[in-house]
């Protein structure tokens, strides 16, 4: 946690990535406000998802490389609890900045006025579960030197529900529809991933430590 | 286990060929043409069993992975590893035939139909599993990591499927009703079930063959493999 | 081996350990027994599996056959007890580059700040040990600025700061100078004298006169 704040690159890079990817869409598709407003929820959500993936790569890699991870395994304290803290720290430093910046990008993407509140809430819930789901993938490939692409291949299919409910909520809010169903489903996913993912992450980290040298 | 798999493989293979032949005959020759879709509907005799098997195989893979994680039974891991490529092949076949079917039906090769989309995501899960297995170099490590992934995947599949259904009804309410299955005539259903049986047997046949090679390569340093080599004169 | 040694309780033991790596049999049916108050050195050439054996014994690496016991209990049931009474120093120092030596040691040794002891007395203790190791003035610098030998010294400070019965030291002398050798040697002697046990590997020659050193020879690839 201390560490993440101290090294600016860790939280700044995903944020910049998020901004740049969102900027690319109007450039690729054209600046028509109507078109942008239609695709805005999807673009914002997909970009946030990719930015999260980018930041996950380094989640356990440094700890693995310098031996902190094996000391964590040996510490005699429950690994799931430490994992929980680690992933929460990741979310605060990577997920939260994205959420805070998203209204500004929504503005640039001509997002309809009614959707901003839902955008923030859905991203808040969504990035939290993305941190936990993605951490499973990061833990599985921890002993590999370069796992970036593999990480995406493993994790992205698992993140589809989050994407669907998240962007669906924002799009629905933009059209003035009721979105509580989306949000409660998102909430259920958050609950599931926060409670179950640490088990898988801790298991995967143990395997990773045993596989490395 | 190796010998058992060897003994079972030809039986599964033979029965598979038999039911495949009968199923194809009934399906392609005996069954009447659909009055709406003509003869093109016949591709479901490949498509539907393949789609069924793609999910069945993933469940087998995840179940044996869980068994491997809990009881550390090595043979369960062999089953999982052997199943992955077979399952991926079933998924690919289901996707391909689905797209062939889509061309005359919807006039396009690909449609973001809920079932096709789920199937595509399932293919990604299979590919991820195989990629992870290939990337990790120690055998024990890759086995346990892959097993964790398979279990995580099977927890997710219902959620993914549900979310894709939801997404689909939101975006294209029209196509769903069009796809609603009319009740099937028995002369069409019988070959379908036979083909499903054939695919099931095909899976078991493939599984046995792949398990044999996997067991051999994993246990290559065990003494019984050396004895086997002597027996067969290698 | 002196007679009185055999009366000490067995801490870590293993029977029939076999470890394969690919096509190579690294460890073949090895028995290991580490008693309280004993020093065990694992010998073997580069790549003979010393590190792998050490890691397998404490649950950090997979092994193919054999059983491991901690104080007579199968290690699968006693894993947490083993880990709670263990200090392992491996090839990787376990030092996070972005944190200072003090922060690193406090997170590695949580008992320093637990209970009545506060942050300031913990700091005093760490300062004292780091002074002894000759890197006292670096206590608040980022660890990334330390040399390999200095990082090694930071991780060695745990031997003084943590109380653990069993030390497993994999090449503890790497990148240390002669002063460092002397410090490690003295620490091991103190620890064993207090009833602890040490299992280690090294390519340097270390002697702990008058304490006996048990050796385990790994044959290497066969």
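Going in written order, the chains are labelled A, B and C, and every chain counts its residues from 1.
Everything that follows uses one rule, which is that a contact is a pair of C-beta atoms (placed from the backbone, for glycine too) under 8 Å apart; a residue touches a chain by one contact, two chains touch by 3 or more.
Quick caveat: nothing in here was measured; it's all calculated off a predicted structure.
When each chain is reduced to the mean of its CA atoms, the one lying nearest the mean of all protein CA atoms is A. When every pair of chains is scored by its C-beta contact pairs, the maximum goes to A-B. Of all chains, B has its CA centroid at the greatest distance from the CA centroid of chain C. The mean-CA centres of chain A and chain B are about 31 angstrom from one another, to the nearest whole unit.
We define each chain's centre as the mean of its Cα atoms; on that basis chain A and chain C are separated by 38 Å.
Chain centres here are Cα means. That of chain B falls 49 Å from that of chain C. For chain C, residues touching at least two other chains, in rising order: 62. Shown for chain A are the residues in touch with two or more other chains, namely 210-211. Shown for chain B are the residues that touch two or more other chains, namely 138, 140-141. Only residues 69, 121, 124-125, 127-128, 131-132, 135-138, 140-142, 144-145, 148-149, 151-153, 155-156, 159-160, 162-164, 166-167, 170 of chain B touch chain A when the two sit together in their complex. Here chain B touches chain C in the complex through residues 138, 140-141, 221, going by the rule given at the top.
Only residues 20-21, 23, 25, 62 of chain C touch chain B when the two sit together in their complex. Contact residues of chain A toward chain C in the complex are 2-3, 6-7, 62-63, 65-68, 70-71, 73-77, 209-211, 213.
Those residues of chain A that touch chain B in the complex are listed here as 136, 140-141, 143-144, 147, 150, 153-154, 156-158, 160-161, 164-165, 168, 185, 189, 192, 196, 200, 203-204, 207-208, 210-211.
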